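Chains here go by letter, A, B, C, D, E and F, matching the order in which they are written, and residues are numbered from 1 within each.
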Amino acid sequence: MMLPTLFLILSVLFSSSHASVQDFCVASLNGPETPAGFACKTPAKVTVNDFVFSGLGAAGNTSNIIKAAVTPAFVSQFPGLNGLGLSGGRLDLAPGGVIPFHTHPGASEILLVTQGSITAGFISSANDVYYKTLKKGDLMVFPQGLLHFQISAAGITSVAFVFFSSPNPGLQITDFALFGNSLPTPLVAGTTFLDPATIKKLKAVLGGTG
Amino acid sequence: MMLPTLFLILSVLFSSSHASVQDFCVASLNGPETPAGFACKTPAKVTVNDFVFSGLGAAGNTSNIIKAAVTPAFVSQFPGLNGLGLSGGRLDLAPGGVIPFHTHPGASEILLVTQGSITAGFISSANDVYYKTLKKGDLMVFPQGLLHFQISAAGITSVAFVFFSSPNPGLQITDFALFGNSLPTPLVAGTTFLDPATIKKLKAVLGGTG
Amino acid sequence: MMLPTLFLILSVLFSSSHASVQDFCVASLNGPETPAGFACKTPAKVTVNDFVFSGLGAAGNTSNIIKAAVTPAFVSQFPGLNGLGLSGGRLDLAPGGVIPFHTHPGASEILLVTQGSITAGFISSANDVYYKTLKKGDLMVFPQGLLHFQISAAGITSVAFVFFSSPNPGLQITDFALFGNSLPTPLVAGTTFLDPATIKKLKAVLGGTG
Amino acid sequence: MMLPTLFLILSVLFSSSHASVQDFCVASLNGPETPAGFACKTPAKVTVNDFVFSGLGAAGNTSNIIKAAVTPAFVSQFPGLNGLGLSGGRLDLAPGGVIPFHTHPGASEILLVTQGSITAGFISSANDVYYKTLKKGDLMVFPQGLLHFQISAAGITSVAFVFFSSPNPGLQITDFALFGNSLPTPLVAGTTFLDPATIKKLKAVLGGTG
Amino acid sequence: MMLPTLFLILSVLFSSSHASVQDFCVASLNGPETPAGFACKTPAKVTVNDFVFSGLGAAGNTSNIIKAAVTPAFVSQFPGLNGLGLSGGRLDLAPGGVIPFHTHPGASEILLVTQGSITAGFISSANDVYYKTLKKGDLMVFPQGLLHFQISAAGITSVAFVFFSSPNPGLQITDFALFGNSLPTPLVAGTTFLDPATIKKLKAVLGGTG
Amino acid sequence: MMLPTLFLILSVLFSSSHASVQDFCVASLNGPETPAGFACKTPAKVTVNDFVFSGLGAAGNTSNIIKAAVTPAFVSQFPGLNGLGLSGGRLDLAPGGVIPFHTHPGASEILLVTQGSITAGFISSANDVYYKTLKKGDLMVFPQGLLHFQISAAGITSVAFVFFSSPNPGLQITDFALFGNSLPTPLVAGTTFLDPATIKKLKAVLGGTG
């Protein structure tokens, strides 16, 4: 067994190399953001709480029109993810609930059903359709950037947790993108094959103008 | 000036290092494909023609319903791009022509107008709309994975060339993805807020079933 | 609304670009493996089942000495993950169960507790300790390559699902690496500060020789 | 069709996740620069003009010795490119014009001829020569870091647009690097096989000293 | 040969493109750090000394218990490495010296023996052991994140230089991580298979508490 | 301490996950090559010798015109480097020896002087010159893709070892690229500002034709 003085020796040995080594970069959300993520919080101020997130423990509120809720755990909510290539989220789907067609521009997604049953699917660039009804414990993976959806397939509230290959995967819900903003109706009509009357109805529902 | 024998010396000097150095990896389209691209063609069979593509020189045929044509120069058409992080394409838009809303799941895009005028735009995850009418010589960049469109803004045929940050950017046209395949109408209705009658009409137009 | 012939037009329009576009690369586990993952399965043979994995639905067997089980969903078990930057796994910890100190050489990890309670922690290069007792619904992230552990903190079996930033994160359990193979005892002694008698005892327990 | 209140519901649903999601990172050119690019402009100040660049619309001035002009559209000129893995530029070559041998240390390049005709080529690590005379509409790709050139092959001014696999590809013109700075003549002689007299003449022409 | 005015022309030609092109990003160690490295020092203040490091020229002090010394040349010591994907270090091993089992969480390592002889090895995820006695001039590579060691195999002081695939590879010495900090003894016992008495002895030696 | 059966338990526990986990991918040099490197050798055939390379132990032959030798340890010579982001090499420079201006298209380089003294330098895109005379033990880093050189600065043979941020960095020696192949003299003249007579002389020396 080693002598007690080894402790002193090792402290000296590694003091120079460890002072500024960083294996992680907890986001300083008020600091500058870059293409690779946020600037790092000072290591001295990092605690275990930066690496733990409890915001997915409670059910989201599904008392709404789509009977569903999305609760994100992206880098903005969970700063410890910064630079680590991962993020998460929680889906709650009451019976009849749906997460409408959407994409994540910057990440692939893996979904884990933890309660109930969910029909999930995606569409490829080759326009092939891949969907299946998942039960508790099933995983499904959605390749980066492709249109996908999740829809309740149970008589009880279904719950899923999702994980992404980026701390900042983005989220673009097709309906919301097309009809929930100020893009002028003629432009929407010209680019979607939908007639102006339908577009105006959807804009009214989704809060769009123009 | 050096002596004539330098040539021999240098040949020896570098023979071992150069034999299998590859600065490029022209796609062997019949070989195995991997997440990083196609296997490489044998260097000895590579010629300058692997690095040149003439398929964008001619106008695409815009005598169709959308009065537009897309001609790709992706790695499948242009094998020299394999592994180099770039690809291209050509857009032809007759007056009134449109490239409907679409995404490229695996790449950002830069567009160059070379003839006529085009109104182009994209929508962000934050649901903000960015669009502008571009004239000849203008560039516009579309961040990876976001919904975007191009629409003719001229009384003549407009032409643009597009370039991507991947040899294999993918292309997902929203209408085609939602209504041009076998995804059952109830699933489409449940995930798009559109009513079944509208969906069935669009499926008829776009070749979808179910 | 568009004319019925649009379907034909679009089919032609995109036929050339879509033939070989791949948004995913399902692993052909018997094909060549590369630094970027396995060669891709022929797209025509890909089905939705390649993107779904049901192997984490059942509890692992914790009737063992560590009262714990690890069930992986890496690319070798779940070929659809190939090239997508993600994988998963399930941890079952009976009361008193433990996943001993280990690292994942190639990925960061995010852990979700779905039942019971788990004390989890990691140690940084600066030798700081970060650990916390997690309850159901909590997430914790472990930066790439750092030593970490999970230990039961409940009177019932605890369950967690883990996700990684690579389809092939690797797993190196420190005890198993040091004492469960043929590394000669003098070498182990020289490189761990442990005395040979302790090492030989651990080798006996963990199946090591030499 | 959905009820009008969906708009309110969705706004709530996504407010938390969208507040700080960024699909892009327009360069704040006065902010800190990092190995991954510039810090991001505040999203609230981003407009469509950050994603559009009109500086390539006009011909460069070729009334010079090399009868050619290079107009860059790198991240410094076109901040919207930051983090998106792409940039561009324009080449104008009057009859007899030439872009001398150069490299881009940080990117592959794709070139599109839009007027006239250009002979372009590159040399590989294996010292093989790949060059061809390109006509209007042709693309040629130059693998990252390799020496390449473009030379007029038409009786009229030729124009090409180039695109790079990085927002900041760099540009190192061999003559300028060897003879256009303060590197002492003996060092240049020792490292190029050229005799001092030739070097001094080239230094005089290219503005070098020493 | 060109005319003297070419110098002026070229200066104008490239002035716009070069002003802010950066081929490197010397670390500003007091500036913000990001997941991709430190912010860049102002180019105007960069000198050749930012790219040269002389700190590995002198032998480390091996008059200690492990009879070995590690001298790092990571980005914190050698700011010119920032963003360039490389770093280095020096190992001195007196006769009987050892660098105990450790990992680099963020990099692969290549080792070059320049004096004496060293037995080095690593253990894979599959728990296979790879070790060999290296002589002067030998290289050995250690894949990212795997446990490895170096031990003197000569009667004289052995010297090796190591290089990493990251400017900030990290360094986690297993003994130091397990026994050199405040991780409570019961937690260490639960996660290492070692008995509390052994742990307490090691903690005393390595400076751990609890 | 654990019971002897733990060995059996752990073997079962990890058998499924370890069977195909690969922390490394030793190059199968006869197998397919891809943009990410060579296909992997079967793990069962991998030995420690795949990770060790002894080819840099002997001095290169400097009895030549440049009084220098380059010995590469790239992936083609040292297959264990495949996929690990590193490679190496050895430089021998007799008094008066020189490694002429060259670039590595695919990697940054770090140089370590182990004997004698070497003047080394590089030129940036901004055309700034960075060079210094290095002594034994000094490191210098050369950013990716930039022109650089090494020249003897000692009365004895100088030795350096170089390491790269890629297993396959490439090597393009400017003189050899410009004058050592079949590129026609008029093309060389047009793209280098050198007069045809000088070019023909250099072609004769360096083995070029045309």
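Simple rule for what comes next: a residue touches a chain if its C-beta (ideal position, glycine included) is under 8 Å from a C-beta of that chain, and two chains touch if they have at least 3 such contacts.
Values in this document were obtained by computation on a predicted structure and should not be read as measured data.
Number of steps on the shortest path from chain A to chain D, with steps defined by chain touch: 1. With steps allowed only between chains in touch, the distance from chain B over to chain E comes to 2.
Using CA-based centroids throughout, the chain positioned farthest away from chain D is C.
Under half of the residue numbers at the interface between copies chain D and chain E are found on both sides, making the touching surfaces mostly different.
The rotation relating chain A to chain F, fitted on Cα atoms, comes to 180°, given as a multiple of 5. Contact tally for D-F versus B-D: the pair with more C-beta pairs in contact is B-D.
Centroids built from CA atoms put chain F at 20 Å from chain E. Between the Cα centres of chain C and chain D there is a gap of 41 Å. Computed from the mean C-alpha positions, the centre of chain B lies at a distance of 34 Å from the centre of chain F. Shared interface positions of chain F, i.e. residues touching 2 or more other chains, are given as 1-2, 6, 18, 21-23, 32, 34-36, 105-106, 121, 124-125, 127, 131, 143-146, 170-171, 176, 180, 193, 202, 205-206. Touching pairs of chains, sorted by label, consist of A-B, A-C, A-D, A-E, B-C, B-D, B-F, C-E, C-F, D-E, D-F, E-F. Put simply, chain C touches chain F in their complex at residues 29, 32-36, 64-66, 69-72, 74, 76-77, 89, 105-106, 168, 170-171, 173, 176, 180, 201-202, 204-207.
Contact residues of chain D toward chain B in the complex are 1-2, 6, 18, 21-24, 43, 47-49, 51-54, 56-58, 73, 78, 80-81, 84-88, 107-110, 112, 114, 121-122, 124-127, 130-132, 134-146, 161, 163-165, 193, 195. Across the complex, chain D is touched by residues 1-14, 16-23, 25, 28, 31-32, 34-40, 82-83 of chain E.
Residues 98-101, 103-106, 119, 121, 123-125, 127-129, 131, 143-147, 149, 151, 170-172, 174-178, 180-183, 187, 190-194, 198, 202, 205-206 of chain F touch chain D in their complex.
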